[in-house]
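In what follows, a single structure is set out as structure tokens and then discussed.
Think of it as A, B, C, D and E in the order they're written, each chain with its own count starting at 1.
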Amino acid sequence: MDAFTTPLLAGTATGALLLIAALGLALTFGQMGVINMAHGEFLMAGAYTTYLTQQVVTDTDLSILVALPAAFLVAGALGLVLEVAIIQWMYRRPLDTLLVTVGVSLLLQQLAKDVFGPQGDPVHTPGWLDGHVDVLGYHWPYRQMFTILLAVAALATLGALLKYTSYGRRIRATVQNRDLAETMGVSTRTVDRVTFFVGSGLAGIGGVAVSLISGTNPNRGTTYIISAFLVVVAGGLGQLKGTVIAAFTVGVVTAFFTDWFSSSMAQVLTFALVVVFLQLRPQGLFTLRTRGLA
Amino acid sequence: MNDDYLEIRGLSVDFDGFKAIDDVDLTLLQGRLHFLIGPNGAGKTTLVDAVTGLVPATGLVRYRNQDLLRTKPHRIVRAGIGRTFQTATVFEGLSVLQNLDIAGGVHRRAWRMGLARRGTPSYVAEALETIGLAGLRDRPAGVLAHGQKQWLEIGMLLVQDARVMLLDEPVAGMSAEEREQTGDLLRRIGRERTIVVIEHDMDFVRSYADVVTVMHAGKVLAEGTVAAIQADPRVQQVYLGRTAEEADHA
Amino acid sequence: MLELREVTAGYGRTRVLENVSLTVPEGGAVAVMGHNGAGKTTLLRVAVGLLPVMRGQVLLDGEDVTRLRPSKRVARGLGYVPQGQLSFPQMTTLENLQLVTPDRSAIDGVLDTFPALRDLLPRRAGLLSGGQRQQLAIARTLLTKPRLLILDEPTEGIQPNVVAEIESVITALTARGDLSVLLVEQHVGFALRSTDSYFVLESGRVTSSGAGGPGALDAVRAAMAV
Amino acid sequence: MKQLQNWGRTWGPLLGIAVIAIALLVVAPAVLSPFRLNNLGKYVCWAIAGVGIGLAWGRGGMLVMGQGVFFGLGGYAMAMHLKLEAAMATGGPDAVPDFMVLYGDGTMPGWWAPFRSGAFTLAAIVMVPAVVAAVLGWAIFKRRVKGAYFAILTQALAVAFATLLVATIKQTGGFNGLNQFTVFFGYNLYDPTNKRMVYTIAATALVVCLVVVWQLYRSRFGELLVATRDAEERVRFLGHDPANVKLVAFVLAAVMVSVGGALFAPITGIISPSDVDATASILLIAGVALGGRALLLGPAVGALAVGFGRTTLSETFPDQWTYFLGLLFIVVVLFFPAGLGSVSSQVVGRLRTLLPTPRRTPIAAGTDALEVAP
Amino acid sequence: GGSKSGEASASASCVDTSGDTIKLGFLNSTSGAMAISEQTVRDSLSLATEQINAAGGILGKKIEPVVEDGASDPAVFAEKIQKLLTGDCVAAVFGGWTSASRKAMLPVVESDNGLLFYPVQYEGLEASKNIYYTGATTNQQIIPAMDFLKSKGVKTLFLAGSDYVFPRTANKIIKQYAAKLGIKIVGEEYVPLDDDDWTTQVAKIVAAKPDFVFNTINGSSNVGFIKAYYEQGLSPKTTPIISVSIAEEEAPAMGKDVTGQFAAWNYFESVKSPANAAFIKAFQDKYGADRPTSDPMEAAYTSLYLYKNLVEKADSFDVDKINGVADGVAFDAPEGKVTIDGENHHIAKTALIGRINSDNQFDVVWSSGKPIEPDPFLKGYAWWDPSAK
């Protein structure tokens, strides 16, 4: 019985984590076309923010709640700095953003190592998250439910932002044709900055969730970044719906493979599966085709 | 000569239930300048797309006993059908000369692709003269102005030696003199080719069309000489509007 | 309204415009004509702010806007229809319009000018035909309620009866005196009917200019026949 | 005058290749210590891979972030042979590699056996990556996957490949990789003369690769490849299947990268998952970007420079050198998008006009705005 | 061309012993995934250097460290150790952590006839005349840990490890010994070194209900394991863990109170001895009172002193002379007296089992009482069959 519930529930939680990371990417990559390889380090920044918050707010029960907005702001601010300092010069060269942000990611990792030490720092789980419910033999940790909740909340907020405010249209217009958007009165500079702030901030939220799994660690970001990118790609660019489905699918499928084979093989098989899947649907789950040669 | 016409029978293109082309029959003969006109969204570009394999279609399109609807786009080109695009698309990073040379490569053997080009092949030089871009031969095509790109596209069809040319609004954005030059060029090269021109400029149509087909809402609305078409009240209503007569004397 | 003062501009190291000066008076309509590659589009891109000048100034309402971003210029009443039937391909026709204003009655207003777009509202702009997209582009720009309308070959690819409709809209707006127009157009007849002065551009320089109107037809033709 | 120019355009690059050849084959062995020469050999292997990446990415527009896979295929194929040679040198013709005894049950998987043959190994170094690239490329290109999708997909592939290696300790040595090679096709690898010979082979291979791409770039195929990069779908309407064009370049690039990997194993004495994973792949790309991906010599020179830079910086600033590496990426991509190899022409161009360049110089015509509408 | 010569030609040493300093290479990963662990080794090497130099150096020569970054990459370790040996001409190299890094350095030190001091417990099955192993081999850590479990009456055991050579080999040994001891292995799970999510694997532990978990996880992955373990309701009361790479450094970094869990090492900060008290004081004076000391740090510290003693006994920095006198060279280390085995270059060490207390210190609950002679190939253990499945 638990042979089924464990991978399903644990995989859903992994999927939720991937979703939070991927939502940020869906904005910066999917909507803006920037391949930010430092997104994982923004996640790491969120984790360190959680650690620092616990140094200040020593009541662990409270500190996580303080850490959430703090991590959002810290990671968002890092994203903003990145945008202003580097990315804004590169919107016409999407593939180059990838290389530049690899450099940023190296810098941030080394910086974390020098500031916080190469040894990770502990993050304490608050009392109200410390425990589990028994679901058909699986001791489902509260922490995993909390991660899922976070993901749903992030998704709902972002979805509403994109769907019900004119901001959503402006981001999409900006990425589809920057100059044209500008001549339609869209201040693409503002759009870029807001988008990068929000997208990076989401990584910070993901960092809080990650820190509850394993504390902080200068290399932690790299663990999630590639899976998160795969999720965005498999989900289809510019489509939140696809990102959600892809995140949970990858999470659950990986969990089942882990259960049946091993963690390593699960990674390999999941990657292979995504590659095969893209053979079937080259533009991801949800495709938006246009005419002509574009 | 007998085989050298493009035959379209019962052609339909369906986009998720929307019939962009609806059961169209057309026979396009060699040696005549064939014009395709009709309101925006009538299905003219889609028709060309269907013939050249860019969108899936049903029905029959036959050229020299080859069913084009079952042929891959690059094979259609090799069968002698060339086209231009409504938004001119050339290889921006390559020079005008290289653009033309690549187009001329269709009929080269694969292994010769590994060799370097020596000098300017005569057919490329000829095309350069014909399209008037000889002076710009070493410029990257990306910096050409709108109309120059359209000429380059026609030039690419010339070196390909396309037997059927489907030209989607080739003179849009050209000045009156340039249109005239282009029209004369089409007339010259059209003698031994099958040429279809999509166009909205009625002055141009009047000056050069041998046959005109009017499309509307995915169907053929009318077919005939320019005069006959202009006199057709249905065409006036959906396409030409009341300014048609005035424009006659402009 | 708009003034270009001795503008030199180009791409990379190539200069395309040399010392071009041009004024669009308040409420006036100016046509720019010239052959393929003469630099007409380049001129408009400078006016809109999409291309930085190498030398010279751009003034809007007498104020120097040379360093102002396009969106800021749009906020000051400039409207631009670029060449090439451009749209936001992944957004629907309606979203393309809503980008400018969510005001439904304003959208309905421009749809009266381009009734063909009404049926296409839910279709993604990337799927429209060239002419449909061009109609959308003009409609979208009209929604910004510009005081100065800059049009780059607006009738390219549009069916004749709609061209006539566009012409009458422009004429009506300029006639009311609350719209200035800078028009690049290859259809000399159309251009001269819609404007009251013209410039001819040849290899990046103004080679001839004068008052518009049908009477100028022969002068322009002569100026352009090289 | 004009003729002279043409002559320069055709043969100038060959002159550049000749300079590299002399530097690597004549000067370096004369002035460098055996250790430094061996280090240089390692960079040369990266440079060989870099030439392949330049072909796929610079000319073909395919940013392959998983070239580590092909580097690894070549590297492991060679390493398996060397491992078997080492085992046979001490334990006779049926000996199995030491790690299979340590971590496994002392039996060798069947697919190792053919690698006892040197000829088979050499064939495998070329054929295995070619076949893998052909199958993979065929699947990917026919489905018209490109751009960022392609980049991320191939990066995931590198991760999966490295993970697979780590997870198969008994077959591939796992995280440790394969090392302790003693014999290279009969030559004792502990002998400095023989190490120098391996270096010479690598340097020669680099020169050969450069000549191959030189001919390729000036051929019609080279032009077609650039055309495919710039307007893939348009190529279809010239009568070519762009997938095939890309496939040829992709396979060729994979083979070059594989050759680089194959020589990397005997030169460094080890091949392990960390030489082929996502990070290693990105470092391969870094050199190419630095030197200028679309240039002929740029990728090779860039890869040599990054290799040299990594060694020198990490020796001088063992604790801080990652900062430099990070900054290198940022500065080069930001300020020299076409690579450092293009700097000279940029400077010359600047001097020629004495004009301030506009703030946003279009990188290439066409990427500049209001251009492509679907 | 090249010459087909048969014998390995050991290059002549270029070590310069004429001045009043002697160069030693410190090769640890200060970047990449392993920096987390290896930085601490670097710190205690620096401490030992200071102390030895303050006391007059080795054979009257001050140590001049040449530091290099192994970058967590075996190929880099191979390159750097060659650079240290042939470029900088250091007399010996200290460093490495993962077995991968050691395996990468091994052929280089052998072909250059250099010296490497490797300070980490490892999976054994290796001995090189050019390497001194100052961490535990399996019969000094893993086998005693199994003896301890047997003595606690453990009947079922679950194996959790990182997916690389050390855990896999350790578990191969554990499984064979468990069979001999009558302990049943009820599960075996591996997760890649850089992975941190152990949820699914811990669920298997929950389901298997073992008496004990034998933990061979390395590095930061331990944090994820421990967190998942407590999250799913496991505790030392029901299912205690015995670890071989959680030390004083790691215990407080779990973000979880790990009181009551076990670890097998040869050194704990809590070891009571004058040598240890001096070591701790010196270390904390240099790096801060909040810095704990741990087994690998102590082994690295000890390795430098052992080297000093080796050189002084040989009265030479020459590798062959050192190897000639190595047998029996000892040092009164913080962990107690350690002695070099001249045959296999490992050292005799006392095995300890500690239980974590609420101060994140280890209370010694079991000890082998005396140093155990190193037996890297387990020749003295009849149950060991290296080629078993």
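As a convention for this text, contacts are C-beta pairs under 8 Å (C-beta built on N, C-alpha and C of every residue); 3 or more make two chains touch, one makes a residue touch a chain.
Not measured: the values here are computed from a predicted model.
Under the contact definition, subunit A and subunit E share the contacting chains D.
Chain centres here are means of the Cα atoms, and by that rule the chain farthest away from subunit C is E.
On a Cα centroid basis, the chain most remote from subunit A in this structure is B. When the C-beta pairs in contact are tallied for A-C and for B-C, the bigger tally goes to B-C. One finds 75 Å separating the Cα centroids of subunit C and subunit E. Subunit B and subunit C have Cα centroids lying 28 Å from one another. Spacing of subunit B relative to subunit D, judged by their CA centroids, is 44 angstrom. The distance from the centre of subunit D to the centre of subunit E, each centre being the mean of the chain's C-alpha atoms, comes to 36 Å. Listed for subunit E are residues 30-31, 163, 192, each touching two or more other chains. Multi-chain contact residues, meaning those touching two or more other chains, occur in subunit C at positions 11, 50, 82-87, 89, 126-127. The set of subunit D residues touching two or more other chains comprises 163, 166-167, 231, 234, 322, 362, 365, 368-370, 372-374. Those residues of subunit C lying in contact with subunit B across their complex are 11, 14, 33-38, 41, 83-85, 116, 120, 127-132, 134-135, 153, 156-165, 186-189, 221, 224-225.
Interface of subunit E with subunit D (complex): residues 1-9, 11, 30-31, 67-69, 71-76, 78-80, 82-83, 86-87, 98-100, 103-104, 106-108, 111, 125, 163-165, 168-169, 172, 192-193, 386-389. The part of subunit B that touches subunit D in the complex is made up of residues 52, 72-75, 77-78, 82-83, 85, 87, 89-94, 98-99, 101-103, 105-106, 108, 112-117, 140, 142-143, 156, 160.
Put simply, subunit A touches subunit C in their complex at residues 166, 169-170, 172-173, 176-177, 179-189, 238, 288-291, 294. Residue ranges on subunit D touching subunit E, taken from their complex, read 33-36, 38-39, 42, 101-103, 105-106, 163, 166-167, 169, 174-177, 179-182, 186-188, 190-194, 196-197, 268-272, 274-275, 311, 314-315, 318-319, 321-322.
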